[in-house]
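Dropping the structures in below, format is structure tokens.
The two complexes that follow have chain A in common; it is paired with chain B in the first and with chain C in the second.
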Partner chain A sequence: MLFKLAWLSILNRRSTAFLTIFSIAISVALLLGIEQLRKSMRNSFLQTVSGIDLVVGARGDAIPILLYSVFRLGEATNNLRWQSYLEWAADERVEWTIPLSLGDSHRGFRVLGTNSDYWRHYRYGKERKLELKTGEFFDGLYDAVIGSVVAEKLKYQLNQQIVIAHGAGSAALFEHDDQPFRIVGILKPTGTPVDQTIHVSLEAIEAIHIGWEDGFPSTQTGKPATMNISELQPKSITAFLVRLSSRMQTFRVQGEINSFEKEPLSAILPGVTMQKLWQILGTFERTLMTVSALVVLSSLTSLISLLLATMNERRREIAILRSVGAGPQRIFVLLWIEATLLCFVGGLLGFVLQYAGLMAVEPMVKNQFGLQLFLEWPGKEEFLFFLLIMSIGMMLSLFPAWRAYRISLHDGLLPKI
Partner chain B sequence: MKKNAVLVRDVIFAWPTSTTAILKIENLNIPENSKTLIQGPSGSGKTTLLSLLAGILLPTSGQAVVLSEDLTRLNSKKRDAFRVDQIGFLFQQFNLIPYLNLIENVLLPCRFSRVRYQNAGNTESGLKKEACRLLNLLGLKPEKFSHLATQKLSVGQQQRVAAARALIGNPKLILADEPTSALDPENRLAFLELIFKECSKNQTTLIMVSHDTSLSAQFDQVIDLDVLNQARGDDLSFAEN
Partner chain C sequence: MILMSFFKRCLLIVVLILSIGTSSQGFELKKLLFEGGIQFEEPAVEVSWRDLVQYDYKKKIIPPRLQAIEGRLIRVPGYVVPLLGDFGGDFESLQEFLLVPVYGMCIHVPPPPPNQVIYVKMNEPVEVEKLFDAVWVTGQLQIDVSELPNTENLNYAPEGGFSLSGVKVEIYERDASN
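And then the complex of A and B:
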């Protein structure tokens, strides 16, 4: 009966009730949305590359190595020799490797030289393979496969010719304009730096740098008109990714690479390093969470103040209910149910809003920002969130309920209006 | 000799925070099945007396026995239960809950009292029928009953709904606080007669307070509260010494 009364009372005040519910819903949606976004960013960050055990580069700190090899940010100070790579790739404990050669760019996007192992072994997210939207993986010397964001931003299509510039940045001085590449494939979006990369073969990187040993085009170029791929053995690469046959060996192999006599190398654990990096970036997410938690709190508080403000108008109603036998405790419970119902409906609506909203922006976020949203059904965490918001709401609801209780005791059957 | 519906002995009432007596009544008897009008100008303590009889307020000292229950001996929960089981209320105006339809407004006491529920029909359909019967009896058209139109009703119509609510489930006592003051003079009598008729049918005691002297002739007993109430701004702390 009290439940029904509370519900009818809310319906009677539907315009204000709706606004209150809506403000709670929006704040809850905001909080949950930010939480989802945070989780997605974290997941997509930590799963930028998956299934690899070590990243190996020239001797250096872990974070820079991770940044240039996986995130393709910044420059490697040194390359490592092709021979060293071959030696480690042939180690019997190594299941597979992916060589990476960076340093060139095309209109602000990084050019990555690699080989077919990249297509075969590269994984991101939860063990997901790279997939082509159109075309095929590169085969010829001047073939390029571009990421989805590259294609989107530069409006590139299959078979288009592109010219690669030496060095990073859109203002790279020298262009390898004598050796244009042809786009043979466009990748599907992954939500990782792969989307912003132009992939070519290691040999092509070698080919365009023939005669560039000093870092700029030599004046007396006698470039071979036709080049044979087998003659274009790379002399160095930037880094390589390693997958071991047994994870148990990780630390052992890492130690051996770090103390490799022929060349100073550094092997890093990508998972640990990414965690470390994320912790550095984490302040931002904590700030966001705090702000949205405060928004929820403020909308709950406004609900309570609204109920308190209307309490005077309801004195008559309380007196009538008392005259028909509702004790002060019942009045208390009635008001409490009413406030709690508002919170509850608002919270539920917030959930719906949040999912609907994220579902709506999901493709846009993926295409524009390269961020893969992990839309999942509400799990334990969301449930706990909801429970927390509800319990705060229910606790705050005690205020108007208490006020009504006092009024009912004080006024009796005679509302003092 | 009839039993007394109300028996008040040496009652003094003052608000807890004050020492000034508002009500001081040595002796008040109201027999069962009677119709009593308590008259007096505003400020004479009429509403306070009704609140005492309803068990909303407790006397500072003395005894108030209503329908053989000594209210001073009941705790607040029991008084709440007693009130809804035994007493129907009728206020001056604004008697209705705006978000309930007419029938639900009439049935409110049955929602809080087992006794009233049983008396009014004991089933949902029985309750509805009884509510409709009372509304009909009091002159309201049935097509309005289920509509949520309580605010659109005239004051007179609202009072009829409130009267039906006071009557439903045959409470033994009806307390009415100026129920007719918002009505036109020509409607007052008709309204009272309908309530009287239902009261005598169910052997219900009716106590009404009003400052309207024109209604006196309709009642079995008229009490002038100005005479009955001996509180003259007495200072209790002084009186007790």
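And then the complex of A and C:
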């Protein structure tokens, strides 16, 4: 019966009640939405690549090697010789490798030279393969396969011709415009740096750099049409990814690569390095969480202040209730149920709003920022979150209820307003 | 219920809701205890690295103490070196990692020998929040003495090592037993 009374009381003050519910809903949606974003951000960073045991580059520190090879950020100080790569790729303990060659760009997007091992072996997230949206993987010398963000931002289609620039800047001052590339494939979105990469073959990287030994084009460049593939054996690559046949050999192989006599190389453990990098980025994640928690707290407090403010108007109503026999304890419970109901409805609405909002925003976020939102059905964690918010709301609702209790003790039937 | 006044009833409900709301931590604890396919019929044997180091990987001699615990459930402390398993690098759900006795062994030259590293594959992904802290890992021990296939390149000796099908990971607390 008290529930019905509380419900009718809320209905009576529809507009203010609706405002309160809406403000709670927005902040709950904000909290849950930020939590989703945080998880997606974390996943898209930590799950950029999986199933890799070692990453090998020219001698250097672990974090820069991870950044330029896996995240395509920054530059390597040096390349490593193709011969060294072949020797390690042939090692008994190595199951497969993926060679990577970096250094060029196209309108701000990195160009990656690699071979078919990339398409065969590269995994991200939970064993997800790279898949094509349209077209095929590269076959000819000047074929290029582009990631989804490249296609979206630059509005590229299949069979379009593109020109690759030297270096990583967005304004291409030295272009390889004598050897344009043709887009033969566009990848599905992955939420990893793959989306912002243009993939070409290792041979193509050699081809466009013929005559560029000094770092910029010489006056005589070789005619592309007369070159055959065999002449375009790569001479060096930037890094390679390694998968071992047995994880127990990890330290051993890493140690041997690090003390390789023929060339100074560094083999890093991607898991450990990613975790170190995450320590730095993790503070952003935690700040986000703190901000959203504060938002929810502030809106729950505004609910309480709203209820407290309206307490004055309701003194007559409370007095009337008392006159028909409601004890002060019942008044307390009535007010408490009312506040809790508002919290509950607001929370539910916020929950729904959050999912609707994220679904609406997902395509934009993916295309503009390359961030893949891993939206899933609400799980145990979301449910517990909701319960936690509700319990805090119920706790805070005790204040106006207590106030009403005190008022009802003091006022008579004709309260001095 | 009728005997309690309204007030007390409400207080009870509040306490109930609060306890549910904040027991999310409790859910995680439960998950840790009832994990894995191995039932806890036998208590896990606590093993120290001093025992594990007795394994002669060059001559492939397993000392009797290790032979006794091979295949059994053991509990061993160490530091976690996360691996990028099939689930990527998210250490909120870490499934494969290496366990070493000394922190920072991955950057040591020379690398740790096979009797100072355990390859752990958890039955269920675990959350390893702080990778700097030592942990206890419970699991079934396997000692692999297989040789790698024949090769002309004999720069490395054939070797094998420890592996564990992990069941549970706990934070290492300094207690009297050590």
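One rule holds in what follows: the second predicted complex is superposed on the first by the 404 of 417 C-alpha atoms of A that agree within 3 Å, B and C clash if a C-alpha of one lies under 4 Å from a C-alpha of the other, contacts with A are read in each partner's own complex, and residues count from 1 in each chain.
By definition in this document, a contact is a pair of C-beta atoms (placed from the backbone, for glycine too) under 8 Å apart; a residue touches a chain by one contact, two chains touch by 3 or more.
Not measured: the values here are computed from a predicted model.
With both structures placed on the common chain, the touch criterion links A:391 to chain C but leaves chain B unconnected. After overlaying the two complexes on the shared chain, residue contacts for A:160 are found with neither chain B nor chain C. In the superposition on chain A, A:8 makes contact with chain B only, not with chain C. Which of chain B and chain C touches more residues of chain A is settled by the count: it is C.
Touch criterion met: A:43 reaches chain C, while chain B stays clear of it. When the two structures are aligned on the shared chain, A:325 is found in touch with chain B, with no touch to chain C.
By the touch criterion defined above, A:302 reaches neither chain B nor chain C. Of the two partner chains placed by superposition, only chain B is touched by A:317; chain C is not.
By the touch criterion stated above, A:93 is placed in contact with chain C alone, chain B being left untouched. Applying the stated touch rule to the two superposed structures, the overlap between the chain B and chain C interfaces on chain A comprises residues 327, 329-330. The residues of chain A lying in touch with chain B in their complex are 1, 5, 8-9, 11-12, 316-317, 319-330, 412-414. Chain B meets chain A in the complex at residues 47, 50-51, 54, 56-57, 76-77, 80-81, 83-85, 89, 91, 94-100, 108-109, 111-113, 165. Of all residues in chain C, those touching chain A in their complex are 5-7, 10, 14, 17-18, 20-22, 24, 27, 81-92, 96-98, 105-106, 109-112, 114, 117, 119, 131, 144, 148-149, 151, 153, 155-156, 159-163. If you check the complex, the residues on chain A that touch chain C are 42-43, 46-53, 91-93, 123-127, 247-248, 250-252, 254-256, 258-259, 269-272, 274-275, 327, 329-330, 332-333, 336, 380-381, 384, 387-388, 390-392, 394-395, 398.
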